[in-house]
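Labels A, B, C and D are assigned to the chains in the order they are written; within every chain, residues are numbered from 1.
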Amino acid sequence: MRMELFFVFLIFGLMGIVLISMNALFGPKKSNPAKELPFECGNPPFRDGIKTFPVKFSLVAFLFLLFDVEAVFFFPWALIFKEKKGPALAIILIYAGVLAAGFIYAWKKGAFDWE
Amino acid sequence: MTSMPGHFVTTRFNHILGWARKFSLFHYPYVTACCGMEYMSTACAHFDIDRFGAGMTRFSPRQSDLLLVVGTVTQKLAPVLKTVYDQMTEPKWVIAFGACAVSGGIYDNYAVVQGIDQIIPVDVFIPGCPPRPEMVLDGLLKLQEKIQKQEQDWRWKKRKP
Amino acid sequence: MARLDNESPDSLLLQMGPSHPAMHGTIRIRLELDGERILRSDVEVGYLHRGFEKTCENRTYFNLLIYTDRLNYVSPLINNVGYALTLEKLMGLQVPERAQFIRVLMSELSRISDHLTCLAAMAMECGAFTVFLYNMKAREFIWDVIEATTGARMTTSYIRVGGVRADLHPDYPSAVRKAVGETRKVLKDVHGLLDKNKIFLDRTRDIAVMTPENAIAFGWTGPCLRSTGVAYDVRKAFPYLVYDRLSFDIPVGDRGDNFDRYMVRMREMEQSLRIVEQCLGSLPATPATRMADDLEPAEAILAARTKRPRGGIRLSPNLEGSEKAVYRDILAGDHRSIVPPKEETYASIEGLISHFQFFMKGHGLRPPRGEVYSSVEGGNGELGFYLVSDGSDRPYRLHLRAPCFHVVAALEELIRGRLIADVIPTFGSMNMIGGELDR
Amino acid sequence: MEEKKTLGELRKRFGGNILEASAPFGDETAVIRKDALLQIAEFLRNPPFAFTMLLDLTCVDYPGRPDRFEMVYHLFSLARSERIRVKLALPEGAAVASLTGLWKNADWLEREAFDMFGVRFEGHPDLRRLFMDEGFDGHPLRKDYPLRKRQPRIPPRT
């Protein structure tokens, strides 16, 4: 079981590296004044960059980070679930329950709608 | 193939690079006018531009190789087209799609740029007002032939003195 | 620019520029944003101003026809009908029965392809790419019928002053029925995909609501006005061609939001399909189109040099051939207002003279002096042509009343206070066509 | 004859300001004096005639005439499904009253007339070019503007 896993990660890793490096190696680099400007649908940039960001955007970012990292922990759990049937299920239920409570709290607090 | 003396590897490598680039064209549909309707037919299921590897539509010049200028470019739109072309990443190609993009078409007046090659270098011209989807695909094939035959450019290439 | 000069310091300025997937390539909206909410916007048009009205003042009435195709290039045949009706109103021409039915048949097919394209773009911009592919498939079938009849898929110039350029091809009923059947299937699928689709409903229901009074104040006409509940349709208010003999009803929305604009267009397509089927049934028959089977064109010209050729001229059965038999049924008017059929041009000297004279400078189509306004129900609303003629063979002034010009004029008011994401379905449901808006 | 009523009523109500009232090719037309525009537009829009929609506003250039421009307004009454055309002569350089107070689409229509003909509108909130870009000089739809006089915004590619 261990060896296939190692080969899988090896191949994917190599593929990733090769593709990125080919792009970096063979992509010609020609810069011109317009390339440095931000792409604003073809118009000259309206104002020098964005000065202030409303705080609502950061709230959305935190919530996404929170629940995305939560989802990451399901993968290793799924690998070991076959051997440890009973207790693994209990652990994951507690884990998901706590986070679900957080989710409902955020929802009721109105963190998800934009107003 | 442009055979450079003593560079066997580069001509072979040049061929491979040309082959890779010609079948993976990400096009930026710069659609303005009536030819856009014919572009829709070309891109959709009936005539399917994706059969030639050019189906991937990217709406940002940073991620596209082929600028497909579809329809009339007016004087007011010319600087926008120039900026979008400049902001495209190398290697880049341009197709002038339709009589208005090729030569101003039936609009020879104060408002229309008489052919986009007055603003940006163009690789393939597709005539027709609007061109039939088959003509568009033929234009794409001509561009692919051109990419295959042209001398490729890459970063660490030994520039000729 | 003036509208957005004194913006508040902490607001974000965003440009939805001309080269943007959802802006149909020809509109720039500068948004002043507080986070996602739009405080103010400045809609800038004119990126596809191709000088239609100035160019028309330098073209003869006959050559002008190709420019009318490129106005609302999604339903070109309706522009042709509008222009032809304006000139016929000025010249007092009476179009034969069969030509009127063909005109109605063609403009309804063109209206269906207009709504299909508009809804395809609107749905795709809201994320429903399948609807885009389905609608494009249905539109291909309709364009096949239009191409078989007129020779071109989109820019047809098929409808001439006095009638239509050519008769319908022999097996048009089966082609039209196939197109109608395919479109019905696609409409059923799209209804299933979008009508109760939670995402589509959240994006379009009760967003950009337009009250009937406000819509009238903005001069809205067509599907957008009908979506607010006002049942105004030029085909019913000022019946032209044979619309008074056909039975169809006018779908009307109730809330005037994006979803109603979508639903009115879907219902209108079903009505147009009904009209097409009625037209199929009641087209007046023409004498069997007999293929002239005597002289090759070259021989006819040689023979005509010595003496008048006996038999008819054999010409290919497409647009040019075997016309004389049906000419009276599809074109009206004397030699001053229409081009003579090909057989007469080849065989008789009078035909040759009138053909040559029609295209000579200062001779061809010369309506009387005067000014006239006439309008048809275009894909987006009342498509009006205001024509001032000074008796010469070129219009003195030709102004187009573009329906989507007035609809887009209300965009700034509709999106004020909404989120950025609402701009896309609102703009999509307006069906802005650059050629017609900027002329 | 119901059509005649509108023109007849107008003539009775405004007398002097209505220079001419006729119906060429079936389109009711009333030529009015420039200063009476706002009154007549207001009168036509209100209930008895209910021309609630401004169908179209355009301008025609007659270089030969003393009053060079001729403003043409098409009004439409939804309730009575009737159209009327109101015309007024306008010397060059003079300004005409803006109808943005009565109809909202007059805003863009007048900006287009200003852009294409150079006609000024008093009381228009934001009179600037609609189609051509700001740097364009001259008004293209005037008869004396050459058809092919292009003013490119970026230099052609060498």
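FYI, contacts are C-beta pairs under 8 Å (C-beta built on N, C-alpha and C of every residue); 3 or more make two chains touch, one makes a residue touch a chain.
All values reported here derive from a predicted model rather than from experimental measurement.
Farthest chain from chain B (centres taken as the mean of C-alpha atoms): D.
Chain B has its Cα centroid 34 Å from the Cα centroid of chain A.
With centres set at the average Cα position, the gap from chain A to chain C is 47 Å. Inter-chain centre distance (chain B to chain C, centres taken as mean C-alpha positions): 30 Å. Chain A and chain D, compared by their mean Cα positions, are separated by 58 Å. The multi-chain contact residues of chain B, meaning those touching 2 or more other chains, are 76, 79-82, 84, 108-111.
Taken residue by residue, chain C touches two or more other chains at 17-20, 46, 49, 51, 54-55, whereas all remaining positions touch fewer.
Contact of a single residue of chain A with at least two other chains is seen at positions 41-43. Taken as a graph of touching chains, this assembly fits none of the simple shapes: it is neither a line, a ring, a star nor a complete graph. Listed by label, the pairs of touching chains are A-B, A-C, B-C, B-D, C-D. Residue ranges of chain D in contact with chain C, taken from their complex: 24-27, 52-56, 58, 60-61, 72, 74, 78, 81, 83, 85, 103-105, 107-109, 116, 126, 128-134, 140-141, 145, 147. Every residue of chain B that touches chain A in the complex is listed here, in rising order: 17, 60-62, 79-84, 86-87, 89-91, 153-156.
Of all the residues in chain B, the ones that touch chain D in their complex are 75-76, 78-79, 82, 108-111, 113, 117-121. Residues 9-10, 12-13, 15-20, 23, 28, 30, 34-37, 419 of chain C are the ones touching chain A in the complex.
Listed in rising order, the residues of chain B touching chain C in the complex are 30-34, 36-38, 40-41, 44-46, 59, 71-72, 74, 76-77, 80-81, 84, 106-112, 129-130, 132.
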